[in-house]
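Okay, handing you the structure first.
Chain lettering (A, B, C and D) follows the sequence in which the chains are written, and residue indices restart at 1 in each chain.
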């Protein structure tokens, strides 16, 4: 069932509300014997942490993670890892006036219609604050992946803010950490800064597209037909707050291609002594038939503009009266920015889960080697 | 785990290969007491059936479904329903020459790398023939939904073939069944026919975008945070063969919107005696925070061009030798066409599953009514 | 997968080690709108709490539960409920000398062989301290059951300590709370007290059999074939530390019965205006074919004697050297005593889960009414 | 959810009714590359097959299994294996007169109360005929286990029929296949034959206890806390028709033991060059803390007497009228006999599932080796 869990072997359950005492993740199924402590998790949380620059919410949360179980003397034991993050800067009064109204673009009304009641403080469970727990869980997944697949790397970045896309000719992975937008294109980053300043001043917000790429994924991860690697990635990314679309490789662009254009031709790598199949292009985005091809795994997802804005929008109250709502509080003018580390974390969790699934069914040995008989 | 299962309460497991003796779906968790027989399933299979016009594969399969269990005297009993479809037109010889080669764009190589062996006949398990089982399961879901939510309707159609989109101004749901493309725009349908004839003659193929809309979905279906309705839909659609992207409502377009534009304002419907919350627009596509809003549920997915084409593409053999591959056999020049009924079936299965999940947790009564206290 | 989770809709994941900072339960899928606060949970924890009399471990733990999420203004919201219990009386030094030895009767060696490392402090994850989390989760289940099935009651008690059974002729439910053994037979309770005093002084321990009875279970809960109510109860009880056997109704005694003796004959209750089917006997223990019959649901489970005893037992060290082990620390001479509230808690969780599952598939209405057509 | 599925990685879903056209098992998650064909499964089905001697039902079913998917050229491919068994000897007329009555000891009434309708032919889904599908799935599990753990063996046998137990002094595994009761004690077997002849003539039936032992189970299989090997075995055995109790090792007898008696002391095996930990006794039955110890895994389960007997028992009709029921049809006087191969099959499925789970989390290497540092 598992409303609040994802993963099969490496299974993460998150819990907690935006303005409750704490939130966290219960991580079950983690392999034993992996070095782990708070110090290995905190840096990833710090990347997602609010209040770091003027483009993200000014809520001040240290987001300090505590490991409550599953680790002994700096090593995972194979038992559940409880990761807890205390909420410290809950200004629930910011939300007092919307307890009986429903913010447009938010889940307020749908929650009320589903459950008959809701925690209105900051959106409660539907707040993007939940993604801190994902990042913490993702950091655990990374630590395990580092152990099991040393060459595997993951990087997320923004490729579009509002209608403005990065220029593929200027993409530079090294740029990603140099600006507050995780933008790989330095020219675009400057333009985005101006754009976002203007939007913020106007009490408005904007959407974005994030791309996450994993390199060094072993060929064969994934499974037919409902355990497909891309299906799990789609669910993982779509489950992130405000995400409205997910695509793999050529994605929606594949609809416009012909079969001749789209086929990624295959040849041997030509490496002396270590020849292996490689592809001439990567329209597939690293997945065919739900299985990793060993190419770069390329996932993009679209994030809608932050719904909490200072411009009044029409809505209703619990008694059905019309109301104009301005969402005060402290909000991200482009929630897509902080979605970058979240997308990376989800990628890490999905890949580790599939790695463990694969060795469950197929073992650790390499199968299906191509070469002279 | 459930590599080949989806759904939680209404749980479907599909099995079978393209050229094995049969394929099917094991449907567990179906509510009891619903009228069902082969006659209620067959029409949906007929819509997906190959060989019906020159735009789909010429493989001749009656796709006759047999109910082997779970139904007694024309009613579901609540026990597992086994739906079996015999394969009758397997021309495995068509595939003999590719048993030791890997077709570009297909999962052949990835399967071999994962499992160390594969069923090469028509792609085995990775064949789109598996989707017949989905359609059969979807027909069961529809029968139950008809019982439980009488006003709920679902319709799928193609909105783009290759680079050619339908004209929103000409959209007419009644057109969908009048052309071989499930195209709601009669002018586009004619253009697509010409386009596809040319591509087929050229031994080429093309991609597509399909939209599936459900109307009358009860507000509140879905669940936080990893049981989100849109996350499940994303996984369901992405698991369909050849799908490379999924989006909900404004989808990737939401990235280009501002918060002011994107917010779907809320007001009361104004219906005398039955006032209820309605939205002024539907950028959300009927889902907020993972829960149905009660608006139209709008999902789109992109299908890549058929990889089996008559134009030779470079590949390798099992021994690592280079080879130029032409995929003979009988193939759809636009596999997106037959994905339309498949997308509808997945929508039906996901909606029924969430309906059952919802009543598990929240019961049957309506909660969260808006109106004077 | 869910190594540390149980339940399907009402899903409980426990976490934490005996001597870590805290332990707890993540409860997902709880129905919304149920009154709940720490005060509703604490009394159940107090029943299981150590150090309450000389027959249970002298470890002093307040076992104070904190609700970290899922409850707002005293009501469940339908989102995950995190229940945390801080460990306060960890005397890990008691275990220092067994860090490199393996206690017979405990999971020490098996954990080491599985994971390659283990948390030796008090048995780590394998400690019976984990059952505090079950009791907390069970208290949540009870609160929901009270709401949904007002007449449902559950009671656990010991029916055997060592070789000494209660006398069925003297069974009195009101006695259960009057002695430290949850013994329904006052004469047996006195004899057990003497027996246990002697065993404790001898540095020994003893096993027990616990019975848990639920009354007022709605007929029809459960499901074929691997969702059977009794199969789930068997797993739930067997998962409790030190349990070695589970039986339902006549249980192992059923093996000695003939079909004529075992058949529970059926007749109508004879209640004016509310006639319903009743059974003349209850060898079935309230379950037939995996479904509740509406009779008393009767489960018994056997608990082995506490393995931590002061009498030296032969074992080995990590380097394979022979060692005589005395388990100091503070232990229950009959761990079966504190298993009583744990068994009740598991019963509550399983029943609530099946109640939710049933309404998922079959709805809330009563089906299959017997009576004049 | 998975009402009709069990297992996590090696996942079996059974379907079908006693008198429907067919029944079977959908086996998902099977490792690839394992030799398998109908010939490897049929012998196990033949052991369970009805009509082989006068002590089992005279229904004549060839129970011929067909593999419909998941196997190519005699090898498993890693995709779902559909195992179908046609029903050929359905004499539904035998049941015509009980369509509107509820057989005592059967699930007839509970099914009706749950679902509001039922398939009355031979008990429909609740018939023990479902266990044929388990045996077929178990045969697949055995084939995989033979590959992965060559030294692993499993054997089931009856240790008690009615009140008559085997004499432990006379236990001889070689006897098990020499009598129709899978009885390891030749003297008991003769007594049982006389007993059963008398019961059959009297239109009566009797219960039994079955023991299943697995040898060569790798230490460490299983998982805390709700993935315990013994908890899964308990659920697996309890899910078999007519089972009312399950115990591991000393089982209910452990309640009567003291801690000194019960502790299985540990020492090194003394084998030159291959020293490993061994236990001086096996009260644990091969499981501690939910993990395999590497000792013999010993499970026993109690089967109630066949409820279908020729002696009239009181019951009611659908309209609430009293009726005396005689279950004609063809029934086993001791259904425990045919439960022996079923128990073995469940053991095989659970062990394989845990083997795959273990390598998912912990990999293939041996961890936690005992010996000089």
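Going forward, contacts are C-beta pairs under 8 Å (C-beta built on N, C-alpha and C of every residue); 3 or more make two chains touch, one makes a residue touch a chain.
Since the model is a prediction, treat every value here as computed from it, not as a measurement.
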item	value
A-D against A-B, pair bridged by the larger set of C-beta contacts	A-B
Relative to subunit D, chain with the most remote C-alpha centre	A
Chain centre separation in whole Å, for subunit D relative to subunit A (CA means)	44
Computed distance of Cα centres, subunit B from subunit A, in Å	25
Numbers and ranges of subunit A residues touching at least 2 other chains	1-5, 8-9, 14, 29, 32-33, 78-79, 114-117, 125, 224, 357, 360-362, 367
Residue numbers on subunit A that touch subunit B, as the complex places them	1-6, 8-9, 14, 102, 104-107, 109-117, 123, 125-126, 130, 160-163, 199, 204-209, 219-228, 230-239, 241, 244-268, 275, 277, 280, 283-285, 288-294, 302-309, 311, 313-316, 318-320, 322, 336, 357-358, 360-362, 367-368, 370-373
Subunit B residues touching subunit D - in the complex, by the definition given at the top	1-5, 7-9, 11, 13-17, 20-24, 26, 28-29, 32-33, 66, 68-70, 72, 75, 77-82, 84, 114-119, 121, 124-125
Residue ranges of subunit C touching subunit B (in the complex, touch as defined)	1, 9, 29-33, 78-79, 224, 356-357, 359-364, 367
